[in-house]
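Letters A, B, C and D mark the chains as written, and numbering starts fresh at 1 in each.
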Amino acid sequence: MRHEIAPQLQQLTPLRVTIWNEFRHEKTKPSVREIYPQGMHHAIAEGLTGNFVIHTATLDEPEHGLTEELLANTDVLIWWGHVAHKEVADEIVDRVAARVLQGMGFIALHSSHYAKVFKKLMGTTCALLYRDAGEKERLWVTAPGHPIAEGIGPFFELEREEMYGEFFDIPTPDEVVFTSWFEGGNIFRSGCCFNRGLGKIFYFQPGHELYPTYRDANVLRVISNAVRWAAPVKRDALRFGKDVPALEVIRSKGME
Amino acid sequence: MRHEIAPQLQQLTPLRVTIWNEFRHEKTKPSVREIYPQGMHHAIAEGLTGNFVIHTATLDEPEHGLTEELLANTDVLIWWGHVAHKEVADEIVDRVAARVLQGMGFIALHSSHYAKVFKKLMGTTCALLYRDAGEKERLWVTAPGHPIAEGIGPFFELEREEMYGEFFDIPTPDEVVFTSWFEGGNIFRSGCCFNRGLGKIFYFQPGHELYPTYRDANVLRVISNAVRWAAPVKRDALRFGKDVPALEVIRSKGME
Amino acid sequence: MRHEIAPQLQQLTPLRVTIWNEFRHEKTKPSVREIYPQGMHHAIAEGLTGNFVIHTATLDEPEHGLTEELLANTDVLIWWGHVAHKEVADEIVDRVAARVLQGMGFIALHSSHYAKVFKKLMGTTCALLYRDAGEKERLWVTAPGHPIAEGIGPFFELEREEMYGEFFDIPTPDEVVFTSWFEGGNIFRSGCCFNRGLGKIFYFQPGHELYPTYRDANVLRVISNAVRWAAPVKRDALRFGKDVPALEVIRSKGME
Amino acid sequence: MRHEIAPQLQQLTPLRVTIWNEFRHEKTKPSVREIYPQGMHHAIAEGLTGNFVIHTATLDEPEHGLTEELLANTDVLIWWGHVAHKEVADEIVDRVAARVLQGMGFIALHSSHYAKVFKKLMGTTCALLYRDAGEKERLWVTAPGHPIAEGIGPFFELEREEMYGEFFDIPTPDEVVFTSWFEGGNIFRSGCCFNRGLGKIFYFQPGHELYPTYRDANVLRVISNAVRWAAPVKRDALRFGKDVPALEVIRSKGME
């Protein structure tokens, strides 16, 4: 027996992606500017593949470029910060964190483990070990059925990356998609998923400013996959506060 | 700054769904036949919404209808069994379980908590409490950002269902999407996700044969969502066995 | 073959428990004072069983009673707050949260789901549904092998409790030990474990001030079990920051 | 205010540990016999520290030494097997697995990832990558607050071990206490906790027969810690099957 269901055209509305970049290293360090002349956000925007409409925003814009309007129209926010975490205004941090809990996806890249927004959403120090020795990194897939690992082999390599090592002081991730091996003796949970409120968060470790990581095909594939995974589901806002009982029998006891 | 990416047409290849039904109650119990004259598998097939091509298979067909060929061409297998779990041949059980670990999605409905395939994949007794009193069930969403809960309110109700209650002897689920309240005093993790190998498994509790559960819009929506969630990711088969070392320096030590 | 190992006397150093109570309802509401004439903290202190040395502390003491010295000498902190969450000074909140990440156990009771410390450690809104109708609650054990459920039957009941219902906006717990059924139609993950840094956190829902919950034998047993579970393991402080590579071969490449 | 609770003497009943060893390599390979002249089980028995009464059992004994009586009197079973997994009788496998679900702790060492009991309890292939090159292994603690990591530094090293690498086809562990770095380029979740029924399972990767791993102080410390962690909690057997409703009001509807 065979039932053929007329293919209902999947809605092809593009996902609205905002890439936020601190955008300081690219202005101050020639070696970084050489790799990313227009900023990392540009490189990432160019490298993503999918049905996406992409905006970018940077620290030095008014409201760091993260207006209420833009956030309300963002499905997934990608974040890269490093030397200027402290300059991000608490008001904007609260605004972004609230949007994540309401369903906006959030992808924290590399040194954004110390971004105020990420730390606030994690509730831990998010501290780790590090070493910038330009050593080889191998990212092993530890959740091969996960959509974020789609199209990635058993592992992929980055010839030179900054080492980030355990213990990484984060809550136990809901899923660990990648775990990295570093030439110098360390390992790291380098691709971690967290569910928070209605929002999905992905932390992805590669991306030191001194290496052309965001031009690597595997890295861009992973981020593209993560955008699709982190897209909000369609549902009503969460309901909290005073509730009423369900059953007539309860009402008859005067419980309301 | 705004980057517009030309919408790449998402591949609209339909998902290949197989619905397996024991198909005994419908033949032997008039009250069940009245609800599901062509069998539950028909009702589910008619009720699913999505870009699916659906096959059905039943216990009394040769190889229970689950040939190597059909399974090789199934993205997601839905399973309903109850009184005849023991009649399912071990060879077919092994065949199905192996396909799940290789990536085929598997949705176990209601009394299929005791299906051989499900028990084999769980490794526990899968025992539970039960009571068939036609009582009210309320399914609360406990993971509202999960794609399986898309479009579902804070809860939905079934006026009459068989109670399944804790303790449910399953491994800790990777995600609990629904937790049920039963009028008679019990609760149950009624929508549970498990990752096994490359495969995704969803157990969904509603579906006693005496009630028209598979004609309920919310139930059908959940199963449709679950099919999409459980669809295999595109990737190479897993690689196991003898490995070679990564680094020249290791090779130079004669480690290969 | 049989090896008898001379029983090494387990160290019988008592656990140092601090019970913190907002201690306001007991002063302002006669109905609460009647149940807890000396405050809930007294009732809990009297009811715990184990090798514990117990201190208590309350909101209106200097530093809310939570001095650096007391916290440094506390293995597990129990917390009850409700109407005065906002009066807890941020400095003390930060102090307590830091101690938890360094290993101090933390047990948040009932309305402490909205305590500043708990929310900071969770990173989510910690919002929920509630209804104070004095209805029956049944707490089902959903992790029967967990040490916090030791000695507890399949469930236990409280004749009258405030309903707390899902969706409870917390991160996915590392373990859900209890899930509650409420007479009026709701369910709730009422006993939840979280690992954060070196610390263990247990949220336990029962304990509305209008009912004698902290005189219930099962509730007291659960909290006593939770104290033992949340006790810090003996280990050095976590190590973060700059790391050195492991291998001579790496050093020879000038990576340090 | 200070409450001093008279220290109730903790029950000092020793834990009953059974160490099961295939015990073949030690008889057939001189290089292994040199390291473990009386078998690995002896080395482990001598090396454990704690209030334990230890029995050992081996494959070639009647019932593989695992009689109903011994298992009924075992709190935690440690298992080492490799070349003779297939010789373990299915009846004994079922007996052991059933006892684990009833609460007996189970510690699977090294090549026991392929032991029938372990695979049955996991439900997956438990396949992995391997390489026996005598390379250096570093075990990093990725859950430093976990009792199994008590007393262990940020990592410890084994100068020579067999490499086991990802992807390791196990269910997502409930907790990953150790993740290993191998000199040759691989990583591995080398210390994994699983809750199954009332039982606790710990898989621990080190222990290739060609290296003196079970004479290493850290390895023995971890196994000793794991025994304490895996000890059964005291509670009644699980209750399954037909249940009765809770409430008079339900009974009045004729639901029983």
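The definition used in the following text is that a contact is a pair of C-beta atoms (placed from the backbone, for glycine too) under 8 Å apart; a residue touches a chain by one contact, two chains touch by 3 or more.
The chain list, named the UniProt way, goes like this: A, B, C, D = Trehalose utilization protein ThuA.
Note that this is a predicted model, so its numbers are computed, not measured.
A.B. asks: For A-B, find its twin among A-D, C-D or A-C: the pair where over half of the contact pairs carry the same residue numbers.
C.D. replies: C-D
A.B. asks: Between B-C and B-D, flag the pair that has more C-beta pairs in contact.
C.D. replies: Comparing B-C with B-D, the pair joined by more C-beta contacts is B-D.
A.B. asks: How many angstrom between the C-alpha centroids of chain D and chain B?
C.D. replies: From the centre of chain B to the centre of chain D is 30 Å.
A.B. asks: Once you find the CA centre of chain C and the CA centre of chain D, what distance in Å lies between them?
C.D. replies: Chain centres of chain C and chain D, defined by C-alpha means, are spaced 29 Å apart.
A.B. asks: With chain centres taken as the means of their Cα atoms, state the distance from chain B to chain C in Å.
C.D. replies: About 36 Å separates the centre of chain B from that of chain C.
A.B. asks: Using the touch definition from the top, which residues of chain B touch two or more other chains?
C.D. replies: In chain B, 138, 143-144, 154, 165, 167, 172, 174-175, 183, 185-186, 195, 197, 238-239, 246-247 touch at least two other chains.
A.B. asks: Pick one for the touching-chains graph, please: line, ring, star, complete, other.
C.D. replies: Drawn as a graph, the chains make a fully connected set, so complete.
A.B. asks: List the residues on chain A that touch chain D in their complex, please.
C.D. replies: 138, 140-144, 154, 165-167, 172, 175-176, 179-182, 185-187, 189, 249
A.B. asks: Which bits of chain C are touching chain D when the two form their complex?
C.D. replies: Within the complex, chain C contacts chain D at residues 1-5, 7-10, 12, 14, 45-46, 48-56, 103, 136, 138, 143-147, 149-154, 174-175, 183, 195, 197-200, 232-236, 238-239, 246-247.
A.B. asks: Note which residues of chain D are touching chain B in the complex, please.
C.D. replies: Contact set of chain D toward chain B: 97, 101, 120-125, 127-131, 133-135, 163, 165, 167, 169, 171-172, 174, 183-186, 194-197, 238-247, 250, 255-256.
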